[in-house]
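Okay, so here's the structure we're looking at.
Lettered A, B and C in written order, each chain numbered from 1.
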Amino acid sequence: MTEGKLLVKEKDVVVPGEVLASGMSYLPGNGTYRLNDNIMANRLGLLVIDGKVLKSLPLAGRYLPRKYDVIIGKVIDILMSGWRLEINSPYSAVLPLKDASFAYIPKGADLTRYFELEDYAVVKITNVTSQNLVDVTCKGPGLHKIKGGRIIYVNTNKVPRIIGKKGSMVSMIKRATDCKVIVGQNGIAWISGEPEMEVITVNAIKMIEEHSHISGLTDKIKEYLEKATGRKIEFNAEPAEIGEEVRAEETVEADSNGSGHEY
Amino acid sequence: MNQDLKNHINESLKKGVRLDGRKKEEYRPIEIKTGVVATAEGSAWVRCGDTEVIAGVKLQVGEPYPDSQDEGTMMVGSELLPLSNPNFESGPPGIDSIEVARVIDRGIREGKAIDTKKLCIRKGELVWTVMIDVMPINHDGNLIDIGGIAALAALKNAKMLEVENDKIVIGKRTDAPLPVEAMPIPVTVLKIGDNLIVDPTDYEEDVLDARLTVSILDDDTLCAMQKGGGASLTTKDINEMVDLAIRKSHEIRKKLKEAL
Amino acid sequence: MSKYTERENGRGFNEPRPIIAKAGVIKKADGSAYFKIGKTAAYAAVYGPREMHPKHDQDPKTGVLRCNYNMMPFSTEERVKPGPSRRSKEISMVTTKAILPVVNLVDYPNAVVDVFIELTETDAGSRCAGICAASIALADAGITMRDMVAAVSCGVIDHKIAVDLDGPEEHLHDLDVADIPIAMVPSTEEITLLQMDGKVSKDELFKAIESVKPVLKHIADIQRKALKDRYK
């Protein structure tokens, strides 16, 4: 057996069919596979070397629902016993009556009193079946119907970078712009504040989205925010490590003031 | 559309700020290139923000219409390609595609952009037909205006074909330009609440109450119009919208001239 | 001896036309690409995985790949009437099948990945350009695929192999011209598209396939570079 040879570096952008390593001393992880003596990439991503395991962390791709994710959904249908939500994914989610509100909703009630078509809500995924049938709940801290503000869609793979470590990146944006911001794990984000500040918030989020793979991201965003708002920022965001698990919940909780259920 | 979100857009507009930070009467930067398609007699590529359109001109020969024996003919086609926006579906052109094509067509036709008399080969027998196709590559709103600008640029870029035995010689272009005599610029003004805006993104088009497209010649004569959207317009609205459209047409005309 | 001793366009017999490839050119799409070879140019946009309509086309075991090839009206010397034709439907089908062997959509049961291919200008080789663009766009959309799919057409002109025919070569009158569009998975050399019109011997067919292999690997490198350049 020949000595394994690594042909790429940590954090390189790798693409399908690219040979990442030759020889048998490396192992394929997520986003990579073995073809004869080589480890190859099978999706567009950032390379992460974890000991002998080579992984490609996705840079693109649509949101796949996962249990316990906090997401934002849009009501697209009113069902017999709940609502159907579009969640920026190939699959829609169902919000059942019993999970819509802490208040009792009697059978046959006018469901539009709770959620109307086109309403947005912050919800948590309670179940995902093998066929990707998705159930969500609106009962819980930080979960609520959205009022006012605006909605944007971002690349769901960049959500951890937008949120930052312990929500620090999004906190920095919120402090700089005085906007309320909720970023759903599914790439739907809600922003509410003064019009000019909302624009700055959106631009900052788009910047993170575009430059998520580069180093020095925090400084870049801080510099932009200071310039755009004309305010000094006395706060340092810690960007999430590439590949680090960051959950949208962390920002949602900080934002909800514990209320959320306003019926 | 979510009424809450619509109110929010309205409130922002009242303070003079659009979702992307533009002012109400501000166009996105426009970029124009001509001669981008080798197989077309004339072509143009126009980008405005994230909206990107290619227009191509093809020439054919055929019989004239019975009521205009000594004039060539023209037609604008357009398709809302499913390539350009997730909300467009495959299939035969829907009413939205047809409206875009017909409004651009009307401006060019009624503004007499093409001197159709010069497109007569033999009176009553053989005339040129000018086919202008406007295709969005990337659709982020304002397709009528951007498509209209692309169509004009493509017409200006077009060269005539050689004709032999009453048939066109395929691919044999001459040095003679198409007889383009006027540049009717279409400008669409949107009404959202009490606000008037130009050059909408598709998000803004989703929440419009009404819109008015006005095609404008270089002496500010109006040559075609189309009112769209579900809400009505007052005379005062129309007055302001036409004024705004005329002002914007000056800007766009300048850009177009620079590019040609 | 072949009477075709020198290519009219001055290219070497194994030399494709100049290629330009870009990824991420259509903002509204989940993935997109532009691929131009000579004077043949294709855009491709990927939407999905998304909900499949009509529902009876859903597959509960895997996501479905659905490619759609279309020529813009001004993309040939004779204007193309808008709307699907027998030709465009067949090319859409073989394009889907050319790419299917590399993509993995098992994580997306019942969903569809739509690929829309639009040719803005053509000078022969448009289905191959479409496949090249589609393959970049799919990778750009983050779809799991074990490799790119590269495609080029191989000509046999009076028994002489000539890679990547252009329009004038395809229409040479006084010589026999066969045209063989070929798509390949570069890492394994599996052939995923093979069509032919014209007459060749079996020997010539295999010579043609061998001649395009290095060209297709070169094209795949250009495709991969286009994806990487997006993140520069």
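We adopt the following convention: a contact is a pair of C-beta atoms (placed from the backbone, for glycine too) under 8 Å apart; a residue touches a chain by one contact, two chains touch by 3 or more.
The structure presented is a predicted model; accordingly, all values stated were derived computationally and were not measured.
Q: Work out the mean Cα position per chain and let me know which chain is farthest from chain B.
A: Here the answer is chain A, farthest from chain B.
Q: If you tally the C-beta contacts for B-C and for A-B, which one comes out higher?
A: Taking the two pairs in turn, the one with more contacts turns out to be B-C.
Q: Taking each chain's centre as its mean C-alpha position, how far apart are chain A and chain C in Å?
A: Taking the average C-alpha coordinate of chain A and of chain C, the gap between them is 34 Å.
Q: Quick one: report the Å distance separating chain B from chain C, using the average Cα coordinate of each chain.
A: 32
Q: Can you compute the centre-to-centre distance for chain A and chain B, using the mean CA position of each chain? Integer Å is fine.
A: 39
Q: Of all the residues in chain A, which ones touch at least 2 other chains?
A: In chain A, no residue touches at least two other chains, as defined above.
Q: Which chain C residues sit where two or more other chains touch them?
A: In chain C, residues 50 touch at least two other chains, as defined above.
Q: List the residues on chain B that touch chain A in their complex, please.
A: Residues in contact with chain A: 1-5, 7-9, 11-12, 15, 17, 19-21.
Q: Which part of chain A faces chain B closely enough to touch in the complex?
A: Those in contact with chain B are residues 74, 118-120, 146-151, 192, 195-196, 198-199, 202-203.
Q: Where on chain C does chain B make contact in their complex?
A: Its residues touching chain B are 25-29, 39, 43-45, 47, 50, 68, 70, 72-79, 82-83, 114, 116-118, 120-123.
Q: Quick check on the complex: what are the chain A residues that touch chain C?
A: Chain A reaches chain C through residues 13, 15-19, 31, 33, 35, 40, 42-44, 58-62, 64, 90-92, 130-132, 157, 213.
Q: If you look only at chain B, which of its residues touch chain C in the complex?
A: 36-40, 43, 50, 52, 54, 56-58, 60, 77, 79, 81-86, 90, 92-93, 131, 133, 135, 137-140, 170-171
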